[in-house]
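In this document, chain identifiers A, B, C and D correspond to the written order of the chains, with residue numbering beginning at 1 in each.
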Amino acid sequence: MNNSEDTTGQEHWKIPGDFQGHALPGSFLIFLSLWWNSVNILKYICKKQKQVYLYSKVWIHRAELLDGVILTGMVLFGAISLQIYAISGSQLMWVLRLHHTIIYTFYGILGVTKILSATINSFPASLTKLALSNAFLVQTFIMYNHTHGRFTMDVFLHKILALATFSAGLVSFMEILIKNNITLELMRASLIILQGTWLWQIGFVLYNPTGGFEWDLTDHRNNMFITIYFCWHYAFAYIIIGVNYAVITWLVKWRLRKLGFSQVPLLKTIVQEEESEEM
Amino acid sequence: MNNSEDTTGQEHWKIPGDFQGHALPGSFLIFLSLWWNSVNILKYICKKQKQVYLYSKVWIHRAELLDGVILTGMVLFGAISLQIYAISGSQLMWVLRLHHTIIYTFYGILGVTKILSATINSFPASLTKLALSNAFLVQTFIMYNHTHGRFTMDVFLHKILALATFSAGLVSFMEILIKNNITLELMRASLIILQGTWLWQIGFVLYNPTGGFEWDLTDHRNNMFITIYFCWHYAFAYIIIGVNYAVITWLVKWRLRKLGFSQVPLLKTIVQEEESEEM
Amino acid sequence: MNNSEDTTGQEHWKIPGDFQGHALPGSFLIFLSLWWNSVNILKYICKKQKQVYLYSKVWIHRAELLDGVILTGMVLFGAISLQIYAISGSQLMWVLRLHHTIIYTFYGILGVTKILSATINSFPASLTKLALSNAFLVQTFIMYNHTHGRFTMDVFLHKILALATFSAGLVSFMEILIKNNITLELMRASLIILQGTWLWQIGFVLYNPTGGFEWDLTDHRNNMFITIYFCWHYAFAYIIIGVNYAVITWLVKWRLRKLGFSQVPLLKTIVQEEESEEM
Amino acid sequence: MNNSEDTTGQEHWKIPGDFQGHALPGSFLIFLSLWWNSVNILKYICKKQKQVYLYSKVWIHRAELLDGVILTGMVLFGAISLQIYAISGSQLMWVLRLHHTIIYTFYGILGVTKILSATINSFPASLTKLALSNAFLVQTFIMYNHTHGRFTMDVFLHKILALATFSAGLVSFMEILIKNNITLELMRASLIILQGTWLWQIGFVLYNPTGGFEWDLTDHRNNMFITIYFCWHYAFAYIIIGVNYAVITWLVKWRLRKLGFSQVPLLKTIVQEEESEEM
């Protein structure tokens, strides 16, 4: 299932594409990841304080419904603008557009599943996780079979995007089995941000909108630079999630202090350490 | 373990085969998947209502026994018709027929295990899951070593069938460790339907019975179309399972209402949300 | 990490070897697998009958100690006879002998761990599972890097042996995390028997002691036959384990009946079904 | 994502490098592994004796804080000396230095996470495991894309280092989900020691400081020797961990006897066996 026939002297071509087609889904993913991450952190902190949790349940439920609606809206917007603006003409471009349409379709299924899960009773809650995992794994499958006949660097850029989507799919799948684990949720969030920023990176490398530096897409050595960029993106995503966690924790504590709830000390003492570990 | 030597200029040949040989096991798999899926959903819904469960246990037990008998019958029918109708002559065709016979053998072992599990006491219940997982993984192994010397597209069609069987095998294996998880059961069902419809697809692509469109099996670019078809099949399987779930839920509720059992409201309220999540 | 350079026109050679060097460890593995399997089944059945378990504990403990001693003895015998009888001369043969010596070393570590685990208190019980998993995974690593410059079929024979050892290593690793799961134990037993019989098969294909049929080791198509043989071996291993399970269950029941213990009915009734499933 | 184009007749070059650049991080890893391993074993033994655990908690907490500080210090020292002493000049050397800098960065993130986890309250404890897993997996990713255009043996040496880091990353990831499992902790420790000693081995093979034996880096057959060395390293790491476990257990028992705590017998009796197994 390897489409990059470098060794057989086949012809390669530069795929006509556009920067916006990568930046738009990239922005969607970054937005969604921060949204989901914030809700997850809020839930985690509130659950630690039982009385607050009962109070915040209504808001979390509404957030989940809104989440599904926004996601479906995004997918519709992305899929329709893809049909209108995507460069067409050759049969190859038509196939590539279909590839993207399928990815949007599976995110659409995720959106519908989220809405159903938030409204219908007796709906197994982990089905949204299954739909999420499916969306990522189908995207990986598409990415892996998407780059037939392209230049070395183009193939490599999409292969490591597939690495990110595969990891996100795997973590989502684990969340079907292990529920409400904050570490898995944080990891998933960082992997989705990584996908989003990496889509921006692909847009900049292949179709630089500023018309600046032009990469030599046939040079194998450039892959070693791309490796570095990918790790920087991941470190960046990791730090964003960390800052988000810190800000939300601080906001909740500040709000609780104003409302007069019993306060948890910030610095760890030895007795509490054990509890948090057992959780 | 890669048998498709595209790069070494080896000879390729078109395997003589027939449409029926793919359509028959495909239909078997679709039928079995819907059957298992329906029983699983019924069990899941009934377990939520304790009193109904005790009442329906006898039926579920009988369904499991019947399941094993039907499966064994199917396997015998498939294996025997393979021996009678399969095109023979060359040594290669003989090897390929043996490959299919082995796959039928492992499904046969599954059938026997199911019958034993339903009749004999002190039989570990998860052995049927092990036999199921084995059947899928052995099929993957065969598929992967099945396409020596064939055309690019023929290889690709069988490789992504192997992807579906491997995923189904993996999910079945997980079910040995994590029992009665409805999400895993739904996922397995959708992967088995995917296998079934994909077998039909392979039949149509390689041995079109209507004599219509003829694919160029040597063109690498066709693999990108096949990728799209595979995802459509999966989306289709996913929706079939969803509709099946909805229909069965509605039927059970309708029947319970008639029998006067205490009724569960359809739309989710916030208090119930938490419970279903913890389950 | 692929050592079979078929495409680059490198030279290949037939490795001088002997039938005994494959048959001996094969027999050891088959013996050990049946031994471990029988102990596991005995433990499983006895645990279901609490009073019998307390009675049989002493015997199971002694079996574990004996197990370690026998395993260490086997390893010493195998390793020493390897040093004495292995064909030497070239540097390559020396390297290949070292490869086998390492495999014996890791099985030796397993034997020592078993003895320590059975004698020393406060020894984590799952360390024997770790040593077992290590032995299989190191063997996989060796097998994978063992066949440089050999003929196609020779490479394939060792690669699918590596598949069996890898699967056995994976299942053993899972047993570190999920303890006393009879299905995993049965699966591991069948995979070890598969290894043992496959070693016999390798011996027969490469160094046929009867001087009979000679395989053409350079023909890719033979790999499709070998695939069939491998599946037959697995089906055979599966059935052996099944028969072993049936015989031991019957023996225990017969012994208990004679000793006058309360008897469990053989055929399943609907009330009991649920319990065994929850276990 | 395979950078070793042996088949396409591309040019290869010997990378200028130094022995110290491999020995320094190797020593760091060996030190850290032994440190973490000793703390883990201490925790495991103390937990078995409840009264001792409460007494030792303060010390374990301090060890964790110190751990983070030392790790961060090591990373800073390594990264700075890399910037100063690394051979530069060509663009390739600059890329390779960046690769190493990224690895240090992720270990630095681990250090900071450890300090935060030991000081700040309401910090999810398993985040340090996530950072550890990330550090290893990012290192694997870098290693895998690090050896473009190098000699066969150089590539192989780094690929099996990547195997060790990947395994360590996987085990660390499992520790997010399964907490306080001594077997996983011992396994992780042995894999980190393996990495450390293997870095020394790479240094000796590629840039022998004693100016002794010079390896022919282009000979495929040398990979079979390297395979043997790698297994010896692993067996060595395994034994080191075993000796460490024995020494610490003996020291704790000796100390407890002097302090007059209730003593656990060394040799296993049959009644105790069952308990340790269930744990």
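In the analysis below, a residue touches a chain if its C-beta (ideal position, glycine included) is under 8 Å from a C-beta of that chain, and two chains touch if they have at least 3 such contacts.
Listed by chain with UniProt protein names: A, B, C, D = Transmembrane protein 45A-like isoform X1.
This structure is a prediction, so every number in the text was calculated from the model and none was measured.
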Chain copies touching (subunit A, subunit B) - same or different residues, decided at half shared: different
Separation of subunit A from subunit C, taking each centre as the mean of its C-alpha atoms, in whole Å: 42
Length of the line joining the C-alpha centres of subunit B and subunit C, rounded to whole Å: 30
Residue numbers of subunit C (touch at least two other chains): 7
Interchain contacts, given as pairs of chains that touch: A-B, A-D, B-C, C-D
Of subunit A, residues touching subunit D in the complex: 6-7, 44-45, 48, 156, 159-160, 163, 174, 178, 181-184, 186-187, 220-221, 223-225, 227-228, 230-232, 234-235, 238, 249, 264-270, 272-274, 276-279
Subunit A residues within the subunit B interface of the complex: 1, 3, 5, 7-8, 57-58, 61, 92, 95-96, 98-99, 102, 105-106, 109, 118-127, 129-130, 134, 138, 141-142, 145-146, 148-149, 176-177, 179-180
